[in-house]
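Scrolling down, you'll hit the structures one after another.
Look for subunit A in each of the two complexes below; its partner is subunit B in the first and subunit C in the second.
== the complex of A and B ==
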């Protein structure tokens, strides 16, 4: 392939964000429309003040045109994120988070900062969660032994971030791995 | 994988080799028992030949994997700069590990040391801050790129930098192809 190696190895964070655009989110439209027809499906009806479920990319587009207000997901509140951080700090394993939590948070903070209460606090919490999880990822790297690796509850963005390094490290480990087996056979 | 093959390894001929086979061009016969250093690819092939139940050529484990180095690595994997010892310490080591079964125990020992050193080094990369990453990338990549640890470091570095620029929002979504 003619693509640069960097792009062949993994998705760029922007591409992951694009994929996360397919997640559904609630909006409150400020316009009335029966349905929005797309090739694959249709969204709507839009009837203020009723909430409508739309993909994130559509919500972002509408929000940018000031056609709606976005209702942040339930996990995206100060209390829930605080609980998540606490959970993350208390346990050695990764806590369960929404698969696209980083991308969704990033997009919401970018386009709808006016609709997120305590946004500064939330930003700080997200950063703490991210750092806590990064520390766990680093610990995980020491456990790469060429046999198996448990990556439960990692989010899409985190998996994408570690993929090139972990798969390369894993391959190196596999080269040495067969010796262990031979040794066992000899014993 | 190319370059580790070219690294020279010591060995000893168990049979005399005629003058016409002497690749040095000196035109003299190589008597049995001569100690020589051959590139790994050649030595590896010569080892395969048998004559009267004896191999034509005995490859020896290079000095870079001797007990002193092994012990040093066991004592403190990160304190030994294996790239200083040999630029292909890890890759050539893997070749020996895969090739020889007679030195099983010793090889496993080495395996253990490389393993710890390797994962600890990786850990050190991951601990670096983006700024340190940026500075250290220059230092690291100035060394030989085929070295396993450096290649891994670059992978980790690229990921970390991509994440950093995404989070700071400094990178526009559309980019011209030239800027990559």
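== the complex of A and C ==
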């Protein structure tokens, strides 16, 4: 590929956000339209006040044109995020989060701050969750041993973050171990 | 708000007590300096020096007041009686060897009970002091006594915390103890500042006693058991307490100097004051919102505007009209006998609570006095039932006649004591599937906002409203607003023309969409007639008025009809139908009975008349029509019912299709649902969290949709779910077919309706499959009889033969023969159509389409209970494909089954493919 080395190895956050745009979300449109036909599939019909399920990218586009209001997902409430943070703090493992939680949260806060109750609180909670998970990621680095690496319940953005470092570290460890084993054989 | 206090030094430091005279003209204080001071309360005399009376030789402990006289008693053991007006010493009533702690006048003023540092209470005849009745029973020194305001009982408390109730006129003659509440109050010694005050609620239905845990126990009359506890308010032990003159509030004082005002019906503190030192005496002004208290510095404080009536819209502490409602009294005292005990009117001269006999008769001929203080969803007056003796009995029987309401409206959250909202307050007037109407109160006027869910069809608008419209209805074609008549209070509307008299009740209609010349109109109702409820549908505006009229206007404002209907509760309307709900009398158990009328406002004919049934004890919260014009009601227990077969004469029944409380329970959340609309298979509602959250707030919450589910038994099994789904679909489909027939639109909706038949047959075939698996052939036969299409019966035969039940297959064939072969219709037409409609009973027709709503046949994904959005999308897509195949094959449907049909049925029914091929 003609892309620079650095970019080849990982996605940029924008790219991941683009991928997360395919996640479905509920909107309440404020216009009536039968169905939006796309090449692969169709979305709609749009019949206010009924909710419609559309991909996030479409929701964002409609919201920017003030054509709908976005219904925040159930996990994206103050109480549920609080519970998630609590869970994250109480256990050493990663808590289960939506795979694209960071991207979705980012997009929602950016595009629909008026539809999210307690937005300031939510912002803080998201930051706390992220910091808590980052700490766990750092702990995880110490456990890289060259044979296997378990990364349960990590979100896509987090995986992307650790990919260059962890995969490099993992490869180096494997090499070292290989040498180690060879030494033993030699002896 | 800073409390408005007026403090003055009255006595030397030490225990000081206070009491208002019965007419409130003076405050009597007495203290440890053995002096009595009388302060005038009138404005011009307030700052004058107090009259001082020096008759006692030691500290004074108690003051008792009566109409013409007051008495004081103290450590010197004497009880002195003084004249009220002259303040002259009249006589020395008692001379006891021990200190007197508390004295109490009987309601008639003829007796005085004295608690001194002895185990015996003594009761003296005021006019002949030689008549003394000793009341023995307490084992420790008595601290407090009080006569029942009705004069039947005496209550007393002692140092060991024991409270006794004495019957003054016991059957055995004399005084006997009828109830002992051992150590209910904290135990103290005789000199303690904790007075263990026991005090009767002025209506005599209960008395209050300070409890052990810094709380107040309310003891019910008759049962003599605690009926309520006022807790979580005090940081220290209670020294004394006093009831407000109408019993709505209780003032308590603690050793730390805290003074708390409790709203007794809500069991919460409405006002609090922290005094510098322990408060030893409390007394309410007999008619005003004023509390006097004295503390151990010898200071006397009068606290004006004690109850923050303005901020919290609380009733007055003394005046009778603003009191608690029956329900609250019932709830509090568990008494049905005197439901209006708390709301009887008291004039000034009837104000002395000591007039026992009068009060007793007061309770019987109470006055119906509902001036619409209840801030329900509507601000209308409740229908008046007259005030003569007979109707008052009926009124008494009625547990709670339902107030008129507008579906989808909410009250103002914060109002002042006159029921007027604060500036900037907003409330919903209407909230339905078309849009939202809300009003913002601006003091001199309001601003009404109309917002639509679908902004592409209608533009949101708002306008300044100088009449403060209190009701609104929003339809597809227009919005209508109305207001009750009101006294015009310096409100210069209408170019000053209404300045003196009343503002009449008004109706204002505004068309949506284009600005035609007749786009709006308004009407004034004559004096004495007011709008109670209103609704708008596609052809007319329906208004119920207090003159027991239902007035019908066309959308252009033409008055087309008027008829009589009384005791209206609510109206809903859709297409050319109106659902009118009204009181139809009293049920067997005295519960209000509601009836409903389905009325065609275009042809002016009654389509259906039916009894409205709610779940026990519930009231109706919402009425409306579904998008397919099916009447529905939602009650306060969360049951959604629909009126099945509304257009068939005498066939209509209310069918429960959704249980909100059960759904909330299944979801494990403390929430309830506030309906907005209804689809074929889903309820559109706002989800309100928490029990106290009665109404939706601002900003506008998101509308959720929840799948309907009828309350069938054993809903956890797969078969029951299918049964429920079939029955519910059948109800909706039957209704839709009726509507299509009634509006002569069978052809238009034929495809949708036959799709519904196919859906139902799929469900039934699955049920047959389950029945065959379990070898329940009778059940399979029952199910097969309900199948709509002959080719579904073919499939049923295949299922039966697959399960090696040839006898069953034979029966299915027979059913098919009897059901379809005789009919001239081929299997394209459903059996339902052929049997029920063509030969069925007459259907009331409509000339306006009742199924034209865009949302009528939409199948949105439910916002709750969705396991995964993607799964639903996939399922939906698959179903769409199936449906399109179904309908395709309907077109070239020939009995004799082409291969294509087989593949369809293969997908439609869960039969293993090899049986089909």
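Going forward, the second predicted complex is superposed on the first by the 178 of 187 C-alpha atoms of A that agree within 3 Å, B and C clash if a C-alpha of one lies under 4 Å from a C-alpha of the other, contacts with A are read in each partner's own complex, and residues count from 1 in each chain.
Just so it is clear, a contact is a pair of C-beta atoms (placed from the backbone, for glycine too) under 8 Å apart; a residue touches a chain by one contact, two chains touch by 3 or more.
Remember, predicted model here, so these are calculated numbers, not experimental data.
Visitor: When the two structures are laid over each other on chain A, which of subunit B and subunit C touches more residues of subunit A?
Guide: For subunit A, the partner with the higher number of touched residues is B.
Visitor: Is A:124 touching anything from subunit B or subunit C once the two structures are fitted on A? First, second, both or neither.
Guide: neither
Visitor: Touching A:32 in the superposition: subunit B (first), subunit C (second), both, neither?
Guide: In the superposition, A:32 touches subunit C alone.
Visitor: Touch test for A:12: subunit B only (first), subunit C only (second), both, or neither?
Guide: So A:12 only meets subunit B here.
Visitor: Using the touch definition from the top, say if A:162 reaches subunit B (first), subunit C (second), both or neither.
Guide: So A:162 only meets subunit B here.
Visitor: Once the shared chain is lined up, is A:49 touching subunit B (first), subunit C (second), both, or neither of them?
Guide: In the superposed model, A:49 contacts subunit C only, not subunit B.
Visitor: Quick one: classify A:69 as touching subunit B (first), subunit C (second), both or neither.
Guide: Touch partner of A:69: subunit C, not subunit B.
Visitor: Go through the superposed model and pick first if A:106 touches only subunit B, second if only subunit C, both, or neither.
Guide: Touch partner of A:106: subunit B, not subunit C.
Visitor: For A:24 in the superposed arrangement: first (subunit B), second (subunit C), both or neither?
Guide: After superposing on A, A:24 lies in contact with subunit C but is clear of subunit B.
Visitor: If we count contacts the way the header does, which residues on subunit A are in touch with subunit C in the complex?
Guide: 24-26, 28, 30-32, 41, 45, 47-53, 69, 71
Visitor: For subunit A, which residues count as touching subunit B in their complex?
Guide: 4, 6-7, 9-10, 12-14, 17, 106, 110, 134, 137-138, 141-145, 157, 161-165, 168-169, 172-173, 175-176, 178-180, 182-183, 186
Visitor: Which of the residues in subunit B come into contact with subunit A in the complex?
Guide: Residue positions touching the partner: 90, 94, 97-98, 101, 104, 107-108, 111, 114-115, 118-120, 122-123, 126-127, 148, 151-152, 155-156, 158-160, 162-163, 165-167, 169, 171, 173, 180.
Visitor: Write out the stretch or stretches of subunit C touching subunit A in their complex.
Guide: It comes out as residues 433, 452-457, 676-677, 679, 684, 702-705, 854-855, 858, 860-861, 863, 869-870, 872-873, 877.
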